[in-house]
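To start, the structure under review is shown below, and the notes come after it.
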Amino acid sequence: MSPAMSKTRFEAFSDGVFAFAITLLVLGFALPAVQVKTNADLAAKLLGLWPNGLAYALSFMVIGIMWQNHQALFRLVERIDRTTVFWNLLLLGGTAFIPFATSALGQYPSMQASAFLYGVALTETSTCYNLMLAHLIRSNAFHASVTSERIAATRAAYRTGFFAYLFSTLLALAWPLTSFVAYIAVAIYYLIPRGVDDDITAKD
Amino acid sequence: MSPAMSKTRFEAFSDGVFAFAITLLVLGFALPAVQVKTNADLAAKLLGLWPNGLAYALSFMVIGIMWQNHQALFRLVERIDRTTVFWNLLLLGGTAFIPFATSALGQYPSMQASAFLYGVALTETSTCYNLMLAHLIRSNAFHASVTSERIAATRAAYRTGFFAYLFSTLLALAWPLTSFVAYIAVAIYYLIPRGVDDDITAKD
Amino acid sequence: MSPAMSKTRFEAFSDGVFAFAITLLVLGFALPAVQVKTNADLAAKLLGLWPNGLAYALSFMVIGIMWQNHQALFRLVERIDRTTVFWNLLLLGGTAFIPFATSALGQYPSMQASAFLYGVALTETSTCYNLMLAHLIRSNAFHASVTSERIAATRAAYRTGFFAYLFSTLLALAWPLTSFVAYIAVAIYYLIPRGVDDDITAKD
Amino acid sequence: MSPAMSKTRFEAFSDGVFAFAITLLVLGFALPAVQVKTNADLAAKLLGLWPNGLAYALSFMVIGIMWQNHQALFRLVERIDRTTVFWNLLLLGGTAFIPFATSALGQYPSMQASAFLYGVALTETSTCYNLMLAHLIRSNAFHASVTSERIAATRAAYRTGFFAYLFSTLLALAWPLTSFVAYIAVAIYYLIPRGVDDDITAKD
């Protein structure tokens, strides 16, 4: 009974929020409010949802990456205290907001307001990841077997992610479509398996 | 096969409801029903959602705290009987109602009816926590290693929470905005890590 | 690798559907489509949701009881084959439909069509429970330690539940409000802890 | 700490998405937007939802089968790397889209556009299953005890599924109602327990 929080329930709750937020993304698609009469009309309406489809794919990658990061990070962690729970809650709060930001982005892909709102959500979660990591390092929460090289590599990766998101978000204030492309580029960069992590774990 | 209920599934089910309820809070945000034409319009509409944002943040903290309490309590519990399941179900019923109360509060932050409804949901869950705890104590459901000091401290904390919520709820009948602030103050008070629990667990 | 299905994932998936269906019940409440202007109006609208509140409480009990039955049953089961998965899927399909049936019942509490639809969902799930139990018995899926008295008691309880729901459903065709009361009565009967199960498990 | 991904969290996250997607299907049903006045009207409206009911039943089977495949496959897998996570995410992305495709199919069962969209979602998930399996085979991710006969049988079954879905999807471009029937036929074929898998596992 020594850790302040059961790691199993901490992870189960987080997995639940990630899985649920990612599934709620589908609410960004809506059938036309008025019943359409012909197949050609319906096809046109469905094809007209392509920005929503792009936003859906983007957010699916984004939340998928966050979840992957979460499990990669907490596999290294031994002890979860209230401060970690606090940052984790702020992180999940940003994640659970993404379905709304996604539907705004999908409906208004070329407006600054929606592209910026979307970026704010991403930057918020990235900030929480960085602050949570800083606390985990400061409070010595990692397993004894975790090397300081590995922690340093994680910290560098988190920082890069933060600046990539912050930069894309600021882009949105001037060129919303460019920032949309930047969000997608960042997500693809992180999602495509490059064998780096696998190599790292193979060395463990 | 001696306990009346599998603790694993009891916790998994509860975690599921907490995680889904907290993620459903996002439905408190809605895009304008009519397609807006300019970025300035969209920005104004999104900024106009700030009371919904505040209600979202509040409820995220509230449900987060409840989930934290739930795991902190049941880590101490050995045996779960049908009466515990009964109170837990009433507790989850109040929790799952919070997304609706939140959207009402976000849309009508300055009306008594919505502020009161919100407080009723919080007070209901707090009542269930107190009655569930009373039953756990009466039925000797705790692990043998749990000290009576710890149980007394939990009981005192639950009681304080109940009165804080009840008082804020009654405030809503006269000053809805003040009660909104009170709900936030109580949530922040409980959420900010103060090291108390960590110290307690460190002594175990 | 001998059982045809991992019991852990079978239970996790089922718990997920139960927890999610019970949380989706909140969608049975809706704020007025048109923005109300005064607190008195809002209070009247919210108070006017009492049939939805009653339907919410009823379905929360109903799904809670189903989940409780599910865990009580599968604690006794050792081996899960494809036929069990098949009946379980039909059972979950009825359960996941309950949020819609609940919103229909809450909006039209005094009409035969909605009260009957609600009963059909309950009767469907109860039928699946009975058929799934019959298959578990036939295929010898229980742990060796489970006595035949216990199985017979479970079977009798399931049958009673089926006839109680079927009877209430048929009532709905003539007297919808009476059937609403009957659904509530059956749910309360099953939910109130009477110590029976605890005694049974104590003897294990 | 040797595998690149905790199998427990990989499965928990996947189970979460399957369970939520299957429960979200209920959003394919909607009460009439305008309050109906008589029971006869309500009954007519509810009975008019039968195509939505059929689409609901179909998708419940489809997602249920996918989940069953997922657990049957990953019971055999020992090591989960980033490429597997990548294909799994694309698979879940298609699965989480099914509730929208289902509501389109339920509302426009006789139009090519909706029947085709539905088929595209099924074919996408089936493609991901095949590519994920190919990667698992190539990267030697299976438990040592898994025979090559078993892997070959799984591969053959996945391929058949892919062609069955692809063929039904192409049908939709000419005869949407026929493709609807074909989707149902394929689902029933896979769902009905035929003892094959049980026999296979019995031999393990």
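A, B, C and D are the chain letters, set down in written order, and residue numbers restart from 1 in every chain.
Criterion: contacts are C-beta pairs under 8 Å (C-beta built on N, C-alpha and C of every residue); 3 or more make two chains touch, one makes a residue touch a chain.
What you are looking at is a predicted structure, and each value in this text was computed from that prediction instead of being measured.
Student: Could you find the chain whose CA centre sits the greatest distance from that of chain A?
Tutor: C
Student: Copies chain C and chain D touch; is their interface built from the same residue numbers (over half shared) or different ones?
Tutor: Result for this pair: different.
Student: Determine the centre-to-centre distance between chain A and chain D, using the mean Cα coordinates as centres, and give it in whole Å.
Tutor: 25
Student: What is the distance in Å between the mean C-alpha positions of chain A and chain C?
Tutor: Between these chains, centre-to-centre, one finds 35 Å.
Student: Which parts of chain B, given as residue numbers and ranges, touch two or more other chains?
Tutor: In chain B, residues 12, 16, 20, 24 touch at least two other chains, as defined above.
Student: Hey, which residues of chain D end up touching chain C in the complex?
Tutor: Within the complex, chain D touches chain C at residues 11-12, 15-16, 18-20, 22-23, 25-26, 29, 31, 35-36, 39, 42-43, 46, 56-57, 60-61, 64, 67-68, 71-72, 75-76, 143, 145, 191-195, 197-198, 201-202, 204.
Student: Any idea which chain A residues touch chain B in the complex?
Tutor: Chain A reaches chain B through residues 1-6, 9-10, 12-13, 16-17, 20-21, 24, 81-83, 85-86, 89, 92-93, 96-97, 99-100, 103-104, 107-108, 111-114, 117.
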